[in-house]
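The chains carry the letters A, B, C, D, E and F, assigned in the order they are written, with residues numbered from 1 in each.
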Amino acid sequence: MVDMERLSTGVKDLDEKISGGYPRNRSILVSGTSGSGKTVLGIHFIHQCCLDGKKCVIIATEETPEDLLSQAESIGRPLSKYFDNGSLMIYRVYEERAKYALDVLTYDIEDIDQIQSNIIGLLERIPENTDVVLIDNVGVFTLNMSPNEFRAQFDALIHALSKRNVTVMLIMDLSSDERIGNIAAYSVYGLLRTSIKDNPFTGARERLIEILKVRNTKIPLDPIRFEITPTGIVLLKK
Amino acid sequence: MVDMERLSTGVKDLDEKISGGYPRNRSILVSGTSGSGKTVLGIHFIHQCCLDGKKCVIIATEETPEDLLSQAESIGRPLSKYFDNGSLMIYRVYEERAKYALDVLTYDIEDIDQIQSNIIGLLERIPENTDVVLIDNVGVFTLNMSPNEFRAQFDALIHALSKRNVTVMLIMDLSSDERIGNIAAYSVYGLLRTSIKDNPFTGARERLIEILKVRNTKIPLDPIRFEITPTGIVLLKK
Amino acid sequence: MVDMERLSTGVKDLDEKISGGYPRNRSILVSGTSGSGKTVLGIHFIHQCCLDGKKCVIIATEETPEDLLSQAESIGRPLSKYFDNGSLMIYRVYEERAKYALDVLTYDIEDIDQIQSNIIGLLERIPENTDVVLIDNVGVFTLNMSPNEFRAQFDALIHALSKRNVTVMLIMDLSSDERIGNIAAYSVYGLLRTSIKDNPFTGARERLIEILKVRNTKIPLDPIRFEITPTGIVLLKK
Amino acid sequence: MVDMERLSTGVKDLDEKISGGYPRNRSILVSGTSGSGKTVLGIHFIHQCCLDGKKCVIIATEETPEDLLSQAESIGRPLSKYFDNGSLMIYRVYEERAKYALDVLTYDIEDIDQIQSNIIGLLERIPENTDVVLIDNVGVFTLNMSPNEFRAQFDALIHALSKRNVTVMLIMDLSSDERIGNIAAYSVYGLLRTSIKDNPFTGARERLIEILKVRNTKIPLDPIRFEITPTGIVLLKK
Amino acid sequence: MVDMERLSTGVKDLDEKISGGYPRNRSILVSGTSGSGKTVLGIHFIHQCCLDGKKCVIIATEETPEDLLSQAESIGRPLSKYFDNGSLMIYRVYEERAKYALDVLTYDIEDIDQIQSNIIGLLERIPENTDVVLIDNVGVFTLNMSPNEFRAQFDALIHALSKRNVTVMLIMDLSSDERIGNIAAYSVYGLLRTSIKDNPFTGARERLIEILKVRNTKIPLDPIRFEITPTGIVLLKK
Amino acid sequence: MVDMERLSTGVKDLDEKISGGYPRNRSILVSGTSGSGKTVLGIHFIHQCCLDGKKCVIIATEETPEDLLSQAESIGRPLSKYFDNGSLMIYRVYEERAKYALDVLTYDIEDIDQIQSNIIGLLERIPENTDVVLIDNVGVFTLNMSPNEFRAQFDALIHALSKRNVTVMLIMDLSSDERIGNIAAYSVYGLLRTSIKDNPFTGARERLIEILKVRNTKIPLDPIRFEITPTGIVLLKK
C-alpha cells in the first residue's frame, strides 16, 4: 500500500494489522453496542498520542472528565498527568448538556429540542495546534437531526478537521448509528466495530473488533477477539 | 481496576462478580421483560442499603407501597421496618398517576398527554440527605416523549443525583427501552439486563442476568443464571 | 411467599402452580392469539367465582351474551343459572358497539373514531358490590388511542377496581397487545399468555399457557401444555 | 360441545373435523395468500348451500360473475343453474369499482379515495330473505380505512347479518389482513387460513388449511393438507 | 378444468404446465427481483404472439425499444421484423419519462411528483385492434401513489383491457410490489414470480419460476428451475 | 448473445465472465456495504479506460481527489499521470459539499436540506467529449429525496449520458440503496453487488461480487470470491 503517515492505535498488535496505525489527519469511526469497549479503544489511542507528545482533545458527551480519567487509570493507561500539564484537554460537554437541560426544563420547556443539534459548533472549541481529537459519543447529536442534516454537519466537521491536520476518532453508539441509517460510515476514512458475541464453538461470550474499512490500507477481514484487562486491551489468537 | 466506593447489590455472589457492588454515587439501569426479576433485583439492593443504614427512596410508578412491601417480604427481604421508621420513603406515584388520569378523564380529556412527562420533577421530591434512590419503572416516562426530550431529562436527572451524592437504580421495562431506541443505556454508569430464556441444552427456561456494562469495573461477559426463592435471588453455577 | 388471599382459577392444576389462584383484588392480564383459549380461561375463572358465590360481571366486547353462555356450556362450565339469577351480569358491549357504529355510519361518518375510546367509562357500569370482573377483550380500546392515552386509562381503571376490592381479569388479543407496544403488561399484577405452537419434538401443535408474571407469587417458568375438552381445560404433563 | 345448527362446508371430510360444518347465522373468515385456495373454499360452501336450497349472495370484488361461474364449474361445483334460476345472486362489485375508478380518473381525480370505503353499504344490497352471503374479497375495503374505522364497519356488518339470520363467509387476502393488523380475526365466529408451504420432510409444496378458531366447536390444531382437483377440494391424510 | 382459450407462453414446456398457456383476454402479473428473468419471459410471450399473427404493443418504462429488440435477438427471439412491419408497437415511455423529468427539473422543480402517476392514461395509447399488451415495468407507477390509488387505477386498466379483448402481461419489480403491499396480486387472473435462489442441496444458484396463481387452471405448486440460453428459456428437470 | 461494444472492467477474469466487459454507452450500478470494495472496482475500470485512451471523469462525493489517487496507487492502478495530463478529471464534490455545509451552518441554518438534491446538475459538469464517468457515491443524493424524485432524476441522468455516448459507473452504498427502496436497480443496464460474508464451510470471511444483472449479456449466477491485493483485485476459484 502507498505510504501514509500513521498514528499508533495504542495497541501494538492492532497496529500490525492495519499497516502501522490509524492514518494521520484522517477520521476513524468506532461504532458498537453499550459496554463493548468503544471508549477503551479511544483511551488507548489518546494515551499513546499523549505519550508521543501530541496535543489532544477529548469531547466527552456522556461522562465527566473525572470518570474518564479514572477509567483510563483502571486499564493501565493513566491520563491525569497529561490532563494536568495541559497537553490533554477534556471538554465537559456532558455536564453542560445536563445543566442546560435542567435550565431549559426549569424555565422554558419549549427549547429542549435545540440542545443537541450543533456538531459544527464543536469546531470552535478545538484549539489551533491540536493534533488529535476524540469525540465520545457523537451519537448524541443524532437525536434531533434528519439523516441529511447530520450528514452535512458530520462531513463538514470531518473535512474541516482534516484541513487543520487533526486526526479524529469518533465514537458512536450502535443505536444512534442505526437510527441515522448507518450513514456516518461513508464519511469517514476508517470504520471499526466493537461487539460482544457468543462464540458458536465454545458457547462463551467474547469481545470482538471488526475492521470494516480503512481506505488505502490492507485490512484483515475476520473479526479480532480481545479482552479488557487491568493493563488494557489484549488481542487474542484466532 | 481503580478503587471506587461500592454499594453491595444485596446479592453476595453478584457483588463478587462486579468488584464488590454498584459504584457509589453513580447510576445503574436494570432493563428487562415483564416478570424477569427487575423489581426483585431492586428490592435486594434497597434492603441491603437499609441494612447498611442508608437513607433510601423508592419512586414506584406501577405498584402501591403496600404491594411492594409485601413482595419484599415474600423474598425474605422485609422492608416494612425501614418504611415505618422513615429511613425508607416510598412515593405513591402509581396512585397519583391513576388518580390524576381519572380526574383528567372525568373533567377534561385534553390534558391527558401531559400526565407522564416530567422526569425532572422527580428531583424535587428527593430529600436532601438521601443516599439511594430506586425508580421502578422509569419506562412510563417514555410514552409521551421524543428520544431527544427523554435523553435530555434523563441525563439531567442522573447528573443532578450524582452531584448530590445519590446512588440511583433505574428500572426500565424492555418495551419502553426499545421504544425510546435503547438510548438510556448510554447515559448510565452501569447496565444490567434480566430475562427469561430457553436453555438450548436442557430445553428448560431459566432466569438470566446479563451485566452489559459497568464503567471502571471488570465484568463477566457470560449471562448469569439465577432463581428467585423465598429467601430471594440465588445465582446458579454456569 | 407472603400470604395473600387467592381466587381459584377454576382449573385445579393451575391453582397449584401459582400458590392457590389469582391474587384477590388484583388484576390478571391474559394475552394471546385468536383461538388460543383466552376466553375459555376466562370462563373457567368466572364459573368458579359464581360457584363460590361471588358477584360477577362480564364485559363482552366481541360476543353476544348468548354466544358466551353457549360456549361456557360447551366446556362443561354452564353459566346460565348465574346469569338468570342475577349473580352474573353480562354487558352487551359488542352489540352496543355494532349498533352505534351503524348509527354513526348511517347518519354521520365523522364521529366513528370516538366509538372505542373510553375504557374509564366502563367503571360506571360495574355495580358497587361486584367481586369479580372479566373484560373480554380490552384490545378493542387500543384501536384509537396512543400508548400514552391507553396507559393512563388502563392504569386508572385497574387502580379504581383494586380500590373497590374487585378482582379483574383482562383479556387482550395479541395483535392489540403488540400494537400498543406491550405496555399493558406493566400495569397488571399478573400476566398469562396463551398460544398454539408446534412441538419441536413431536411435530404436533399444542396449546400452551405461559405464566409470565404474578407478583408476590412463585411461578413456573416453563410453558404449560393444555387441552380444551368437553369438560374444560385439562393441563398436560410436561 | 353444545348443539348449534351447522351448514355443511361443502367438503364432507372438513365437516367432520368441525362438528358438522360452519355454525349457522355466524361469520367465518377465510384468510390466505393469493392462489392458496380461498375462493375455492368459498365456492364449495356456496355450492353446497345452493344444493340445500338456501338463498345465496356472492359479493365479488375482484372477479366478474362469469369468471367465478367458470371457476366453479372447473372444480366440479357448477353454480350456473342457481345463478340462472335466481337462488344465487352475484353482485358485480368488481366491475362497478373498475367503472367508477375510470369515471373518477377521467373526470375528477380528487375523489378516488372514497371509492372503497363503505362496507356497511353492502348491507343494503342483500335481499331480506338471504340465507348465506359470501364476500370475496373483503380486503379491498382495508385500503382506505384506519384499523378503527375498519373494525367499526366490519363489526356492524357482521352483527347486522347475524341478526338477520344470515350465515356469512368473508374472504380476505393475507396482505390486507396484515395491513389492518389482523383485527378482523377477533370479530368473527370462526377463522380459517389457507396457505401453500414446503413440507419440511418431503421438500414438496402442499396446500394447507389451518382452522385457527371456531367458537363453541372442537377444532383440530394441526394444519390439514389438501389438493384442488377437477372434482374440487380433497383433504389428504396426515 | 373448464375450457378457456389460451395463448402460448412462448415456452412449450411451460404451456404444458398451465393447461396450454395464459388465459386469453385476461391479465398475467410477472413479479420478481432485478435480473431474475421477468423481461425474458415477456419477450418469449410477445415473440410467440407475433409469430401467431397477433397485434402486439409493448409499453417499455425502463428501456429503449432498441435495447429491447437487441435483448430479444440475444435470446433467439428476434422481434425487429414485427416492429418494422407494424404488427408490434413499442412505446418509448422510458425516454418520455426521462425527457419530461429533465424538462421539469430544468424549468420547474415543483411538478416532478406528477410524472409517474397515470396508469389509466396508458389506455388511450393502445390501438383499437390490439390483441396483446406487455407493460414492462408497471412498478414505476407505484412510486407516487397510495395503495388505494394504485389499486383503483390498476383494476380499472385491467378491466378495460379485458373488455376490449386484450390479453395483458404486467411486469412488476419485486421492490415496487412490496412497497405497494403486494396488492396487485389480487387484481390479476394469473401471477408468476421469477427469482434466483441458492439450491440448498447443490449450493449453486438457480433461476426459478413460481406459478402462484392462475384462476380456472390446474397449476404446479413446486417452483420450476430454468436457464436463460442463447435460444431462450429452457426449463430444467426437477 | 447479440454483439455489443464492451469496455474492459480492468479485471481480465471479470471481463471473461460478462462477455468481454461492461456494455458501452450504458450504465452499471455497483452497490455494496462500506469497505466491501466498490471504489476499488471503480478504480480498476477508470484505470483501464485511461490506459485505453478514453476521456474520463470522476465525481467524488466522499473523498478528496488526493485520497482517491493515493488509493489507486496502493492497488497498483496509478491514475496520477492521467489526472495530470487532463485525460482524467476528478470533481471535488466532497469538498464543495463540506464547504457549502459549513457556510450554510455558519450563516443560515435554514437551507441545509437543499445541499444534496441535484443529481441532474451533475450533467452540466461533464465535458462534451467525455467517454466514461464514475460517480462515487450516488447514495449521498438519496438523503433528501423521495423515491419518486430520486428515480426521475436518476433516470434522466442515465438517459442523457447514454444519448451523449457516455459509459457510466454509479457507486451506491447499500444503506442508501435500501433507504430509497432499491429502485436504482431498475434504471440501470447492469447491476453488481460487492459484499463481505462468512464462508459457511471455512468460517472465514471473504469478499464477494455478485453480478445481479447485465442486460443482453450471459452472466454467472454464483457469487465470485475475490481479494484486494497490492496489485489490485484478484478473482478466486470457486
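Everything below uses one rule, namely that a contact is a pair of C-beta atoms (placed from the backbone, for glycine too) under 8 Å apart; a residue touches a chain by one contact, two chains touch by 3 or more.
Treat the numbers as computed from the prediction; the structure is a model and nothing was measured.
Student: Rotation angle, chain B onto chain C: superpose the C-alpha atoms of these two copies and give the value as a multiple of 5 degrees.
Tutor: 60
Student: At the place where copies chain D and chain E touch, is the share of residue numbers found on both sides over half (same) or under half (different)?
Tutor: Under half of the interface numbering overlaps between copies: different.
Student: Using mean C-alpha positions as chain centres, tell me how far chain C is from chain F in Å, no decimals.
Tutor: Computed value for the inter-centroid distance: 59 Å.
Student: Starting from the mean Cα coordinates of chain D and chain F, work out the distance between those two points in Å.
Tutor: Each chain reduced to its C-alpha mean, chain D and chain F end up 51 Å apart.
Student: Multi-chain contacts only, two chains or more: what residues does chain B have there?
Tutor: In chain B, nothing touches at least two other chains.
Student: How would one label the connectivity among the chains shown: line, ring, star, complete, or other?
Tutor: Drawn as a graph, the chains make one closed cycle, so a ring.
Student: List the ring in order: which chains come, beginning at chain B and going next to chain C?
Tutor: If we begin at chain B and move next to chain C, the sequence is B, C, D, E, F, A.
Student: Can you check the complex and tell me which residues of chain E touch chain F?
Tutor: Contacts found on chain E: 33-35, 62-63, 67, 70-71, 73-74, 94-95, 97-99, 101-102, 104-106, 112-113, 115-116, 137, 139-140, 143-144, 173, 175-176, 179, 196, 204-207, 228, 230.
Student: Please name which positions on chain D make contact with chain C in the complex.
Tutor: On the chain D side, the touching residues are 1-2, 4, 120, 146-149, 151-153, 155-156, 158-160, 181-183, 185-187, 189, 191, 212-219, 221-223.
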